[in-house]
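I've put the structures underneath this note.
Two complexes follow with chain A in common, the first pairing it with chain B and the second with chain C.
Now for the complex of A and B:
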């Protein structure tokens, strides 16, 4: 018997699209509507693939052997309790309820605690701490933004429905979709190409080679003439997002800071003594600055091209300063394109639990924050930690190999639903349920709006949630410490499992206050 | 004659890599989408390689064999792109400039044709790099 579940939240990227229509047959997702290609790959195929881990594994004589859950938990707790300075890393693909217990485990162990943010938008968080951020929710940009700037990001690949749901290709309350215009442009371009090919065949003459220029697309003056939403893409290479944009500005690699600083000068009416910045002529930048100043509601979405280029958090700081300067002329907001579906949640949960969003050190008994020292990559580079727990992340596929080689020198515990690269390298490998598919929980969208993920199917027997697993490891660590006569934390762990089948308390209609005799008399 | 190309490497996401990683890190889709390096057409001509040829990408930090592909929107000779994944990681650096973020984008690499050399699968690559895998 098949069942259709509406408004399912997609647990993949920071967009957290909450309009999926999922068809379930015999406790298996067979069909999914409204999602992107990446969503389809996970929700329909990936979550039940052969790569799924169903039993805990422990590496013995170089081989991973299936063991009981109790044995694996004892082994993991022993490794963590024996270590002087373990590193707990990951947290971006799990729910807030599990992250909360992770902080407690880190405090109990006196360990380092970091999340994937340190290798994606950590610099954005640092810049926000320095200078603040004029931000808006995705709903605001959907309804109001008439100028969208994607800087150093390619949402077509990393957040496939961002443009369709929140910016240029969506119909908002005050702004309409640009989809039809884009299709017309596409047809015109295709027609032009056919004409060129035909004329080439007739004349048998090679068309002149167009000179390679730093920017492509229509001249920037078009930006002012064009009605409706406008989309500008700034990147070091042309991408599909650049293809759909009204204007694409191709800058030299590692020159984001200079180009943004030049735009700031132009926005604040200052003179610039050079002809080009980052490979872009000043006149072109002046036109872009004019388009930014003349919009009614502008937004800059920036990606890893800014945070991973030279300058790191200074690039973001200057971009936020540009948004601040633009706010003197018009309304402008800026927002990072967060990657994993709950990496924003990891920042938020860590921040309300410890005061800091990432790169936290508990070795002194209290939380300390020092990016560059407590961040996972720096810590592993120096070889400071002597055990690692990775949960809901895959540094095996996303950390440089030179860093991973240091991680491999010490015991490695992994908690992931499937056999990803890091699970393939683990000493103790735990299976876990897929959050957002097999259990419910809270995740934060890229604009820090918390959304409840739904449970769609039942998990395989014996596989625990991240939250239950961490609670049991924490309990075992405390038991080991009590045996050794060491002090332990007192907090009782109460795993929470939000039941999404029932309406949430906020949806309850408040009961009308009963009118007593006195109030009736007063009303009279 | 030995052909070598000095280029700037950018690593990042592609939609195919996204689909591959969600289908499973051991899937064919993941291997096909990640063990590749995208080139500008003129760079492929200067190296004497075709779509699907194997090339060796070498940086200060490591060296890896991947398949060459022509980048659909190649406009910048001297810039190559690799989808993020275990293969790109081999050449990425550990320099963080005290900010926690290693070298993923905009660093120099050297590329040379590597005919007849196999592209390692994920399992073999992990074994080569870390001396262990899921076996």
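Now for the complex of A and C:
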């Protein structure tokens, strides 16, 4: 029997598209509408992976052996309680309710606590702490933005529905969609290409060598004359997003800071002594600055090309300063293109629990924050920790080899739904449910709007939610500490969704308040 | 003088803000041994980690020996006296220092001399990243005092500097003197990119090569420049003003002979 579930939230990227239509047959997703190709890959195929972990595993004599859940939890709690300085890392692909328990576990252990944003948009958070941020929700940009700048990001590949749902290709209340114009441009371009190919075949002329810096689209001064929304892409290479842009600015790698600094000078009417910055002539930059100043509502979306290239959080700081300067002339906002679906949630939950968004150290009994000192990569590079817990992340596939070597010197606990690179290396390997597919919870969109994920299918029997698993590990750690006579936290752990078979309480309609005699009389 | 020798090499970070001359003054060896420090998440005492000896000499007040790369916050908020560290030392050494002297014969970790107000720090090896820079999100940089480094320094040195002098005999990393307001930074060798970014005041003197940000404009050429009351460096030097995007009036003195690539700026003089 098939069942159609509407308004399902996609648990992949920071866009958190909430308009999916999912068809479920025999507790399996068979069809999905409205989602992008990345969403289809996970929601329809990926979550049914053959590599799915169904039982907890413990490494004995170099091999992973299936054990009972109780035994694995006891072993993991013992490892964590014995460690002098454990590291809890991951959190970006799990729900807010589990992250909350994670903070409590870190406090109980006196450990370091970090999330995936330290290797993606952590610099954006640090820059916000330094200078603040003029931000807006995606709804604002959808309805009002008439100039969209994508700086060092490629949403066509990483956030496929961002352009379609929130910026250039969507019909807002005050701005119309640019989709038709794009289609016309595409047809004209393909026609031009065919003509070029044909003339090349006839003339047999060698194709001209492409210049180092190439521009597509009309010259920027024409941007002012173009009606409707305008889209500028700034990147080091011509990406798919650059193909759909009205104007593409190809800058030299690692020169974002200099280009933005030059733009700031132009916006604040300062003279510049040099002719070129980052490979771009100053006259071109002046036209881009004019386009930025003459828009009604501008927005800059920036990606990892800026946060993880030379300068890191200083790049973001200067980009925010540019948005601040532009706000003296017009309305301008800036926003990061967050990657994993709940990495913003990890920052938010950690921040309201501890005061800090990531790179937290509980070793002194109270939270201390210092990226560079407590961030996972720096900490592991120095070899400071003596046990690691990885949840809802795969550093095995992404961290540098030196860091992984240091991580492997000490016991490793992993919590992931399938056998990914880090699970294969673990000493205690826990199975997990796919959040947003097999259990409900809260996730934060890239503009920090919380959205409730839906449960679509039932999880395999015996597999716990991240929240329940962490609660049980925390309980066991406290039991070990009580045995040793050490003080423990007082909080009672009450998982929000203890029973996975029942629908989550967030979906329950609240009970009507009982009417007293007085209210009845008033109503009469 | 109290000599502390590490009993073993530490595997996890040790936070020892209690190692200051003020804390040790007037205390017996047994009292000093009982001072609290943390090793990872464990609360231990100084005596558990270090061998303590007392000798009659008066200066330096404290000497540290052994592998101390993971020992953090030594000399935090010290006001007087002298600490000598034989070897490398971990992060946050001499943080919020208000007087006295720290001598490090090896390399220093990050955030050394952070938010320092007065006193002297001598580093005979390399200085780390964020030397004399404030805590994250804070704009209260070093206010006074002197830091000398014989080796090289990392990135983001002297951020939000509000006073004092930093002298570096080697090279400096990127973002030297970021957002500095006052004070002097003197680098004898080369600087990485983005030196003096967002500076609004103060002076940076560079003896080696340098890349100038587009938001700096040339002011003049000067034959020599004064670093402090004792030191003045002979050039000639290009003088750049910036950072224009912050409406700043900071001065960047760049050695003319080492930077032939900047010759085109002379046409604006």
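Here, the second predicted complex is superposed on the first by the 484 of 524 C-alpha atoms of A that agree within 3 Å, B and C clash if a C-alpha of one lies under 4 Å from a C-alpha of the other, contacts with A are read in each partner's own complex, and residues count from 1 in each chain.
One rule holds in what follows: a residue touches a chain if its C-beta (ideal position, glycine included) is under 8 Å from a C-beta of that chain, and two chains touch if they have at least 3 such contacts.
Not measured: the values here are computed from a predicted model.
By the touch criterion defined above, A:126 lies against chain B and chain C together after alignment on the C-alpha atoms of chain A. Once the two complexes are laid over each other on the shared chain, residue contacts for A:160 go to chain B alone; chain C is not touched. Shared-chain residue A:420: touches chain B; no touch with chain C.
Of the two partner chains placed by the overlay, neither chain B nor chain C lies in contact with A:61. In the superposition on chain A, A:369 contacts chain C only, with no contact to chain B. By the touch criterion stated above, A:310 is placed in contact with chain B and with chain C alike.
When the two complexes are superposed, the chain touching more residues of chain A, out of chain B and chain C, is B. Contacts of chain A with chain B, set against its contacts with chain C after fitting on chain A, overlap at residues 126, 310, 371-373.
Across the complex, chain A is touched by residues 11-13, 15, 38-42, 70, 91, 110-111, 129-130, 135-137, 174-175, 178, 193-194, 197-198, 213-218, 243-245, 247, 265, 268 of chain C. By the touch rule above, chain B contacts chain A in their complex via residues 8, 10, 12-15, 17-27, 29, 61-62, 71, 73-76, 79, 81, 84-86, 89-90, 92-94, 96-106, 122-123, 126, 129-135. If you check the complex, the residues on chain A that touch chain B are 12, 37-38, 40-42, 45-46, 49-51, 59, 62-64, 114, 118-119, 122-123, 126, 154, 156-158, 160, 212, 216, 236-240, 242-243, 250, 253-254, 304-305, 307-310, 312-313, 359, 371-373, 375-378, 381, 394, 396-405, 408, 418-421, 423-425. The residues of chain A lying in touch with chain C in their complex are 83-85, 109-111, 126, 129-130, 257-258, 261-262, 264-265, 268, 270-274, 277, 310-311, 314, 318, 321, 325, 362-364, 369-373, 382-386.
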